[in-house]
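Letters are used for the chains, namely A, B, C and D, taken in the order the chains are written, and counting of residues starts over at 1 for each.
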Amino acid sequence: MNRFEPQSLSALGAIYHMNDAARALYYVLHSLQHRGQDAAGMACTDGERVVCEKNNGMLSEIFQEGVLAELNGCSALGHVRLASAQDRDLENVQPIVVRAHQGHFAIATTGTIQNAAALRDAMEADGLIFQGVSDAELIAHLIQFYPGHLFEKIMQACSKLEGSYTFVVMTKNTMYAMRSPDGIHPLWIAQSGASTVVASESAAFTMLDIDSMREVRPGELIRLGLEGAQSFETGDGEPARPCAMEYVYYARPDSMLENRNVHAVREDCGILLAEEETVDADIVVGVPDTAMSAAAAFARALNKPYEIGLIKNRYIGSTYIRPSAQQREQGIRTRLNAISSIVRGKRVYLVDDSLVKGFTAKRLCQLMKEAGASEVHLRIASPRIAHPCVYGYEEARAGQLAAARYTDEEMCQLFGADSIRFLDEDAFRLCVGPASCMACMNGRYVDVDPKNGRK
Amino acid sequence: MNRFEPQSLSALGAIYHMNDAARALYYVLHSLQHRGQDAAGMACTDGERVVCEKNNGMLSEIFQEGVLAELNGCSALGHVRLASAQDRDLENVQPIVVRAHQGHFAIATTGTIQNAAALRDAMEADGLIFQGVSDAELIAHLIQFYPGHLFEKIMQACSKLEGSYTFVVMTKNTMYAMRSPDGIHPLWIAQSGASTVVASESAAFTMLDIDSMREVRPGELIRLGLEGAQSFETGDGEPARPCAMEYVYYARPDSMLENRNVHAVREDCGILLAEEETVDADIVVGVPDTAMSAAAAFARALNKPYEIGLIKNRYIGSTYIRPSAQQREQGIRTRLNAISSIVRGKRVYLVDDSLVKGFTAKRLCQLMKEAGASEVHLRIASPRIAHPCVYGYEEARAGQLAAARYTDEEMCQLFGADSIRFLDEDAFRLCVGPASCMACMNGRYVDVDPKNGRK
Amino acid sequence: MNRFEPQSLSALGAIYHMNDAARALYYVLHSLQHRGQDAAGMACTDGERVVCEKNNGMLSEIFQEGVLAELNGCSALGHVRLASAQDRDLENVQPIVVRAHQGHFAIATTGTIQNAAALRDAMEADGLIFQGVSDAELIAHLIQFYPGHLFEKIMQACSKLEGSYTFVVMTKNTMYAMRSPDGIHPLWIAQSGASTVVASESAAFTMLDIDSMREVRPGELIRLGLEGAQSFETGDGEPARPCAMEYVYYARPDSMLENRNVHAVREDCGILLAEEETVDADIVVGVPDTAMSAAAAFARALNKPYEIGLIKNRYIGSTYIRPSAQQREQGIRTRLNAISSIVRGKRVYLVDDSLVKGFTAKRLCQLMKEAGASEVHLRIASPRIAHPCVYGYEEARAGQLAAARYTDEEMCQLFGADSIRFLDEDAFRLCVGPASCMACMNGRYVDVDPKNGRK
Amino acid sequence: MNRFEPQSLSALGAIYHMNDAARALYYVLHSLQHRGQDAAGMACTDGERVVCEKNNGMLSEIFQEGVLAELNGCSALGHVRLASAQDRDLENVQPIVVRAHQGHFAIATTGTIQNAAALRDAMEADGLIFQGVSDAELIAHLIQFYPGHLFEKIMQACSKLEGSYTFVVMTKNTMYAMRSPDGIHPLWIAQSGASTVVASESAAFTMLDIDSMREVRPGELIRLGLEGAQSFETGDGEPARPCAMEYVYYARPDSMLENRNVHAVREDCGILLAEEETVDADIVVGVPDTAMSAAAAFARALNKPYEIGLIKNRYIGSTYIRPSAQQREQGIRTRLNAISSIVRGKRVYLVDDSLVKGFTAKRLCQLMKEAGASEVHLRIASPRIAHPCVYGYEEARAGQLAAARYTDEEMCQLFGADSIRFLDEDAFRLCVGPASCMACMNGRYVDVDPKNGRK
């Protein structure tokens, strides 16, 4: 699937106790760049000071040789994020560095805090000021608000936070990594010799030589210090409820989530999608890049040829000039091309990973028909998304979700498809595991009332 | 396949008689950016003057909104190219604009002129000066050298050129498009309403609404003027000998070449490669992006699961800091990742599109083994490349070509593969057609003695 | 004088209630750019939101056409500053925007808060967090800390602040401008039709058509709202004690300070310096740019020719590559040139405005001698600086001040001058007025114990 | 004077036989940057190859550390130029490098070739091509056109060139420096140990330690080789006719021209201007920067106070956003400020160095009156400019020259001045020497018929 609408995705990476940590972290963050290309930052400590470099832009634009050379230290904490056009403020670029009298610390977060507004209101009423709107600043305030040693402060802060999040705090000689008790957002930890690496996705570890890795447990707070690592449980022992859409769209195929490989889950989705197929068509075309695993498996299961009928243009970066509405009217299309010689005269199973607002689906069906496909059967390798996400992923509101507005028949007509079918919810649950959060599909929000916040 | 060594690839695009031609050409060139990301340029005419903007860098870095706004005109000619580190001189960036007293013209070329040195020597002896080393400047000189009307001058120039090339010349009110008689390098022409579009690959036309398109014939010179298009034959009527490696690696899968779709040819290669398979393995892994068509077809033919076992990192642009040798030693890998969960314990068919120097093959086999593959069977969906290219594509010398230096057994050992197999030459010829140039595979150079130039 | 050492200088500008306020403010800030070229920012409000754009770099690098176009509003607040190499953190770039639940506000400051550390400690102990080290963030915290309406909060905050400062606070519909009771740092206010303009120097007003202007009184807090301007006194009615070095070096010659024109004060210094002259020399050479007013007046008073014997190189910006130590050894000099044809064989009065560490003086004497001057008589148009500044201007420590370390004779020898003379303290006081702060010259610190902070 | 209209000014610098020549040349070119900030380039040779880096922009923008590091060689040739908005083509940026079969060479020029069109036409008729419109390309063609050794070729080329120019040619082991027989454009040569330095102004030599320097004679061709320097005369032995406006406006005050220091000539102009003064006024104000030498001397001669009544804004670089016409109407003025406190109620002698189109003069008189001057007496320290320049300096056409269109009385009225007076032509000739070219003042064009080209 190719999304054009902004979402609040982000990723964090951190390295504790490694020579020239920032330079190694650069490659870790680079492997997480698919989770956000709009802003990036790294804080670094040499055991004395905490320095930070961050800005709007892609990682490689901000961190050039001269800048990396100055981030010389033994631990580093970094962040990449996707920002909406309305939120380009530097104050929201992470990590946030707190220059407190008992010592500086840096913090980076992913996810969302559901009671953020209430916490901010209460703290502002107490005279605290907020310079941005990031959760990182909020959690920093909350940590600093409580007395005691940093560990105790973080534990206290966590007890007030409601939401789905992960964060890492770095001081000049310690590091804390936390994953919210619901485990909706991923967080991983690995050992590489005497060094520890933390990252939002396990695929980031393949940048380095690592000895072992594991997922941070839901509710687990890990403290890294010179004396070693300690783990503290803040949750109730419930299993993680990883976001099902991580498997479908967000995560890299080479990442693991709760012992499942993302690519393998996508293949399972494709296979189960095939099992319920009733229409006969000639070829299978997958939407690059995220739907290709499912589409290939779907084709294999149906014993139909898997064809590369859609080509994605690379080289669309931040300086790329997008065609105007008028130019698009005139036919200028730049992101995806259909290959006429493949689809002409064919009945096409067009497999996408998911369907949110339906804009992409509509354009794809149109492309297929223009390229000469005689029939287009849209197949979505995940269930209908009919409920808004309240856990910090998709920002589309209920009223914008195609599956909440239209029946399948209406969608068919709207998109110009000959048929449309979604993966069945039960089948999908088999693929992603019973614990995965599927609130956007079935409306079963755990802990949260989507209208009024946390239950 | 992922190549790291520079090659002299390039592409041209041109639009005759269209409103705001440069802006439309921007998208045409963008779709050709895979043929060169090191320099780009566009010349444009409003019927009065010929202006030109070009520089080192990617298309979208050079052409930003303000620059495009100034390239206001009714015809435009553009170029993208891949440059070696040794050749970053601005003088070689195309188009070249000639400001002659009988009128300005711009020229852009692809391919290579085999008798370039002799022509330059002769012209320099006549007092002409060269500011760069591009073929575009050479052809400009040759055109200008002959008397008469521009059409006659171009015809005369072509009669002196020996080589495999295409070029487009644009004046303030005409345009000429030429493809060399051997037809090794591709050139396409399309109609879009009253406008004519010329491009190195047919996939570029999908950016616009077009009514019809065809390949420029070998030896054909097309003249576009306000009175319409005229075609002149300069060749001997022999069929084109398109570069076989265009199908294998250079062209986009959604392009056509001599009535063959590139993706379809790649699939054919995969199928024929499968027919001769003798080893039994568990899964098929293709090297992204160019080998994926062949690998998927290979898997289908063998009825083996096609798995996405290698992930390519996007976001590696010109500002990206490559890891140092020392960092690579420490395990920092950034371009391709193998997915352990997929390949661990598996016997892998690793399918690549071609094998030139063998560096990539060696690294890929290593990645597979480190990720836990029990066996790696390297399968190349094209024949051994054992002879240098003299037609302006691959720059590797004979002594650098793996298949010229090693037997298959030696390659196996060198790469750490358990077996290696190439597509048979006859089988390959069935896929790319009998006329295709396969000189780099079989050493049969037509017209050219690879040691002494043109026969 | 040409200074090479970083100082903590800065300037602010603000416009209340003007069409496209940010664009006009751009020119106001541009006229204050001499007070800081390292970072710049503008916050802007359209009556609904407060948006902010800021970064490291010069004003014109940060604010290009596209950025200005987005800062569309009716009021704007901006800042430029000089930063040390150690303080390039984005968190310290102003304005600071506070996103508080009772409404957003932006703040920018100049000067220094002497009890900053104590205030920070107290607030941190209360759980507040600081992301940077700027006074703007400190004052923002302090304002937010107190209850009540914004006006009351600011009044309360001011009652806690000890130091020499100015600040402006901008909300979506009001603006507050404050100058500390000591009046050491300048702040001006002007009317331009229905709009009000605030700036650190009066010269900034010449960018716009203004009807009237006046200096903000020491201790005065001005509130600008839709119902008009109101003034509140927070001080004790003591007259301002403007920094004497503003007249000597910091301010533009076309600025006013406490009813004195800066250029005129510099001329007075030159005239009084001449009155005590005992040495006879041939020509007067002033150090560009800041010493030229004094030097020209000095020459006139002595009836000696004023010669342009030193030329300053323009075009030394942030991307300029400074010569290495080795290159300077080899004679590469780039900032100032002496004109041999003017100084050769001449006895030169070399007039500089002030002397801090003595590095510049030494280099200038050397340049003069190399250019052939037979004698160099160094004349400083202000008294010896032998005490550190505690009011937020010069950052040199006592141990670095030439006049604190050396006698005049030692300086002569050190610099290679034939004589050295400073303007007498009493004479200087006549020029700058009796109220001006001369603590760096005479050690008379008002309100502050330079060792222990505020008395 | 401050000019806003583009002119075709430029400067060249070259270093023969010096360690890391390009780095030293960087500083030489930097000191010539006042002659052109729109484009810059350096060619460099290591004795084997000639490489070149050039682009639009200021020297320090194009040559950053990484670029300089790659220009490693023993000789270097550079150029800076001022370009009109219509001429931003990269093809015209110098040096031009010619890659000829008998060896590469680089060439850079200043000035103008009067028979350029005729030479181009003839060469184009012979089949040569021009990619730009620079004289450098023209001379390169002409050199290459003739047979024989490079020295002979250059001698032949010079015999065909009509015009006022200088050029330097650099091969991998030799360098040639040429100044046209009329000597209108300046060229200097200096020794620095075993190295030779060539530059358009003598002030450029002060960047380096030099042993001796002299002006290249009119018509002199100097050849630098490993065996030493040789000089050849191509002229008729007539003395140089240096452009009188070099003294007035173009050259740095610390440069020498035909044994006259520029600053000293400007002072002489000011003194002679004072001798004919008939009006009594209170203060003298000079227009920064170029009129200040004359203004200060004028004041001294009249025994009137020289006041700094106009302040120039620095920091106006290429990224600076100029105020729109509408904003200027609203009073936004950014380049020059008048100091009210100095000029209010005063009768002002406003001294500028020259008057071309009169736009600046008008604005300055207006500024003075707005600042409160009771009378403004405009004094121009050079004669009326009433004839176009045909020697490659000022580009204004006859119809644009104020002194060609208006009487003094009309100018007074137009500018809002109370009186206007120019320096008498004979007096001016005393200052600049009898040989100086004053064609733009008196219409006496030597060698050239301004309507029809060279006589």
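By our rule, contacts are C-beta pairs under 8 Å (C-beta built on N, C-alpha and C of every residue); 3 or more make two chains touch, one makes a residue touch a chain.
In UniProt terms the chains read A, B, C, D = Amidophosphoribosyltransferase.
In this text, all values refer to a predicted model and were calculated from it rather than measured experimentally.
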(message) Under the document's definition of touching, what chains do subunit B and subunit D have as common neighbours?
(response) none
(request) Would you mind pulling out the distance in Å between where the CA atoms of subunit B average out and where those of subunit C do? (result) 59
(request) With chain centres taken as the means of their Cα atoms, state the distance from subunit A to subunit B in Å. (result) 36
(message) Counting only residues that touch at least two other chains, what does the list for subunit D look like?
(response) none
(request) Mind listing each pair of touching chains for me? (result) A-B, A-C, B-D, C-D
(request) Spell out the part of subunit C that touches subunit D in their complex, as residue ranges. (result) 23-24, 26-27, 30-31, 33-34, 37, 58-61, 63-65, 68, 203, 206-209, 252-254, 256, 261, 263-264, 292-293, 296, 300, 305-308, 311, 313-317, 319-321, 323, 327, 330-334, 337-339, 341-342
(message) Which stretch or stretches of subunit D touch subunit B in the complex?
(response) 51-52, 54-55, 89-91, 96-102, 120-121, 124-133, 137, 140-141, 144-146
